[in-house]
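Given below, in the form of structure tokens, are the structures.
Paired with chain B in one complex and with chain C in the other, chain A is shared by the two complexes that follow.
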Partner chain A sequence: MSDLTQTAPRSGLSLGLLNVARGALPVVVVVGLLLGIWLAAVGPMNFRLALDQASRGGADVVPATPQEQGQTGLIRLMLDNPSVLPAAYVFERPRLPRPQDVLIEMRDNTVGLARGCEWTGWGAEAENWTGFSDGCLRVVNNRRSLIFHAWKTLAPTLVGFAIGTGLGILLAVGIVHNRTMDLSVMPWAIASQTIPILAIAPMVIVVLNAVGVQGLLPKSLISSYLSFFPVVVGMVKGLRSPGAMELDLMRTYSGSGAQVFWKLRLPASLPYLFTSLKIGIAAALVGTIVAELPTGARFGLGARLLTGSYYGQTVQIWAALFTAAISAALLVWIIGAIERRVLTGMGLAR
Partner chain B sequence: MSVVANRGFAGLNPKIWMAAAACVAGFAYDWRVGLLLTIWFVAWGVNVVLSGQRSRAARLAVPVIFGVTLLVLWQISVRAFGVNQVILPAPSDIWTAIVQNVPILWADFMQTVVKGALSGYVIGAALAIGTAIAVDRSQFLQRGLLPVGNFIAALPIVGTAPILVMWFGFGWQSKAAVVVVMVFFPILVNAVAGLKATEAMQRDLMHTYAASYWQGLFKLRLPAALPFIFNGLKVCTTLALIGAIVAEFFGSPIVGMGFRIKTSFGTLELAMVWAEIAVSAVAGSGLYGLVALAERRMTFWHPSQQR
Partner chain C sequence: MTTDSIGATDQSAPREPVIQATDLDLTFQTNDGPVHALKGVSLDIQKGEFVSFIGPSGCGKTTFLRVMAALEEPTGGTITVNGMTPDEARRKRAYGYVFQAAGLYPWRTIEKNIKLPLEIMGFDRAEQEKRVNNVLQLVDLEGFGKKYPWQLSGGMQQRASIARALAFDADILLMDEPFGALDEIVRDHLNEQLLKLWARTNKTIGFVTHSIPEAVYLSTKIVVMSPRPGRITDIIESDLPAERPLDIRDTPEFLAIAHRVRDGLRAGHAYDD
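Here is the complex of A and B:
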């Protein structure tokens, strides 16, 4: 450690840190700005509710009756009753919760669920195979746990994504090697992207349930459909990306069709494939969540959104939304990490 | 005579023999399977011949034949196998539902597409482009906004629908709000990237003309950004429709495509559900086509538009 600090010139080290800070600072500022706008909006959004509660509680508010309050503009109300504003920020069932309320809700519904969590080991006292006490496992298997619901959404997403990607790559290979397939299927593949098929996802689920297909598969079907076309379009572009020069080179090596495919077209298509995969997995997750919406799904992030909306639990909706966002970011990040490793290994990284 | 015939058969592609064998096997198993296989292989054979042609008409005919074949297969298999209406209606049933319900479909179209999706789309696009121009002068904000915008664009934003319906009520305003949120970030990211797309040489030329900031913006950088902006606009046409329809699942007046899909499904009028899907498909492709047309008119100078 001391060697490192001695050999690395001091100015270089601090310059490196400065560069990292310079890259991260704008992002931090923008995120801070967005959070600031959110916090500033909490008061006005909840003000009418808080005012109503205050006047019911017997406090002196300026237009005394709810009817007059309803007819008065929001800015007027806020100017006349500044004392109610703090109450708007700590409102019980807010129209817009504070960011920290959402974080607290997320903590309560993940690690906060643990009861009597301890390490039991795998010996005679083990309560289950993980070696942690059952109290710990409440974090992931409790019905309230966001991790539990996220997994109920992620599992079909991943299965569907795998199916969609596999079929998409196969179709793309067919399209590139068969002119008839290219002319017949490609226009429809592109046109199908302009159709809001996601909107009927819930119906597809119910129909499949009626036919007897149940469990993971119906939701996976939606996510596979949504990840299928981005992969087809991206892969066709990628497999066709080698130029005349490279194809000619393969011909001078007297490479066979299979060799051209495995040694030139497939490697050349990988950057395009990864870009499509990132779009595809985000679309697949959205598909699963929407598919859960009006079908009365009991588990999953979509189900959390729906029950939250039924019972007016805004904090629950926001927590589900944030969990979905974190899941999406995680999935895209994982694919990005694989992309960097693979492309760097192949010398294709930009 | 037999020599000629032999030659004729021998000259045939072995693939045709395989297809014919598959059809015969299909008929032997079940005449309906055989019929479907025969139609499929005949249509595919026509397409193979046509795709060998160089003419423009042949290139246009191939996808049409493929689409029509799928429709015919759908119709025949639903009728021949007696598939329950509740599971999958035949295309002819869907067409009947469309023809019989034109006024309802038109009202739903106006409510969801024109009032909800289009107004939200226009507001969202205007806000996004305006924001892009506003942050354009600050390198700092741009560097922060691009990664954050890219991140948000990948999130399941449609999940905000229940919140926005709670805020803006059941009318079309809440649907427009969902659409605004959905289309804002993809267009913003594209517009910010597009405004940076000019080369130093071009900006220097503007400088030598003593062009003001606004002149440089309107005469050089905004036109140069158009291909990027249109890219975002095209992606967002579908998003807008999805947002407007999905938001109606969380609450709507008794008109609208999402409402109709949900209630028709509840009463098991599947043909009506499919009719709405057909309308949304036409609306989605039409919207995309309009934006693509505008792109062709406005960015005719870009290499991607030249054929």
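Here is the complex of A and C:
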């Protein structure tokens, strides 16, 4: 018996670790697989560049002239010049960078920017209100910082998301309660999403610029344009989710329209709303990035993508892409956390 | 249509009818043409009666109940509830309605579910608390007020929905196959409890069911209906004693009434095949 009681907690702990490992395993496998495919693609993608460089450097390559190389298939070239392959993996401006190059770029443009970073405290020697020396703050306020650019994109995203969500909920309430709106608004909402955002964004930005609206708001409008739609669709479905019986029940109490809305339709719609918000916030981020592209924005992840492509800085493009992806994941995760808290509080999550 | 009774019935002082339906018609217009849900339905329900409506699906028993509750509008005939139209009676909170499924709102605790009609009807907080405790006791669910519906069994959920219908103290309780989805044993138990509750509260109850034993066990009056068009084929006054233990179902009196209900159902069954 004493044996059992002693081993029980330990086996519980190892069981917990095992569960974590089990949960992580699929993630690790998928990430590993993707990295494998990525790494495998780096050599072939950069091979022609590497071959060109090698032949300019006087190495013996087959075929010898650039013209002939251009007419030869990639696989043939790789088979004939196996010695060039390692060079394809170490490149200043590769077509496809290695994953670690992207990670290094991201590190260099975030924590790597800190110079002479130390804790100063909030006393007399404090350089600013944070209590960290100015050198630390380069991580977030340096013009190269990905965190700086991410915030320049996130701020309009959040404003646009708020506008889009508010608009979406209002439209959904109108659509559910008013037959005319049901028939007239929904087709337009759907039509609005069939227009490529890339076509609309420059027009909106230019027109708003002409009337003196600049800065955060134009970007927010584009982002709300993308984020209101999932909210409308989800909320219409959610507000209509109460069944005939639940509505009849309200009728037997002679409940007013407002009471039916606040006590039945709205609470019933919340699970749908949160699902929509998760889609909406990711769409809002995409909207902001797209809004940054046609305007020659100087700051923001879209601006990093744009300058990266101007100057052939693929590493910079990838780093901006990953920062955008991480930001989106973070936003969706935050909404998910709020969703869990709210629905658990309402007794809807078990 | 016959309106006599088996054995001796209590024919004491005449009571006022709570619900009085005369020649009710209700026709639904569907894509396959008109459906006569109710045709020429007349019925008086006295105060304090327990009336069961039994019949095959499509006989209009649920529709009739819904007409009483002003959830459907009859296309012909008249119906009064407490001398008013059903719609007026509803606004005066004349009835509690219990549906086939418990229909508790999942985001509200049992307590808050019972408070729902009270909030809508504008009872103050102290009164709400008092009534919730009261009805929870009536349906034997004390201590479950803080639970969410999914934490309760199906039978308990249905009891909670009965408590919700009782909370605002309506005189008439309309129940549409409330125990249809529950198993036999739970059903017996709830039937027993419902009878006790009825004895204690002296409410008028309209009860739709598919089950002959359930109808006979519960009712003072059994209304047998048949479909196409939905109509009443027999009204049976039950003379079973008010005190009804479950084993009353094995007595000859009980079986005699059950037999007559069954005959009524058979006669009304218009089998097309």
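By our rule, the second predicted complex is superposed on the first by the 323 of 350 C-alpha atoms of A that agree within 3 Å, B and C clash if a C-alpha of one lies under 4 Å from a C-alpha of the other, contacts with A are read in each partner's own complex, and residues count from 1 in each chain.
Just so it is clear, contacts are C-beta pairs under 8 Å (C-beta built on N, C-alpha and C of every residue); 3 or more make two chains touch, one makes a residue touch a chain.
Remember, it's a predicted structure, so these values are computed and weren't measured experimentally.
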Which superposed partner A:248 touches (first chain B, second chain C, both, neither): second
First, second, both or neither for A:347, with chain B first and chain C second: second
Touching partner for A:139 - first (chain B), second (chain C), both, neither: neither
Which of chain B and chain C A:273 touches, first, second, both or neither: neither
Chain B versus chain C, judged by how many residues of chain A each one touches: B
First, second, both or neither for A:263, with chain B first and chain C second: second
Contact residues of chain A, present in both the chain B and the chain C interface: none
Chain A residues within the chain C interface of the complex: 245-246, 248-255, 259, 263-264, 267-268, 270, 346-348, 350
Contact set on chain A toward chain B in their complex: 23, 25-31, 34, 45, 95, 179-180, 182-188, 191, 193-200, 202-203, 206-207, 210-211, 278, 282, 285-286, 289-290, 293-294, 301-302, 305-306, 308-309, 312, 314, 317-318, 320-321, 324-325, 328-329, 332
Partner chain A, residues of chain B touching it in the complex: 44, 47-48, 50-52, 59, 62-63, 65-67, 86-88, 140-145, 147-148, 151, 154-156, 158-160, 162-163, 165-167, 237-238, 241-242, 245-246, 249-250, 257-258, 261-262, 265, 270, 273, 277, 280-281, 284-285, 287-288
In the complex with chain A, residue positions of chain C that touch it: 69-71, 90-91, 93, 95-97, 99-101, 103, 105-109, 116-117, 119-121, 148, 150, 168
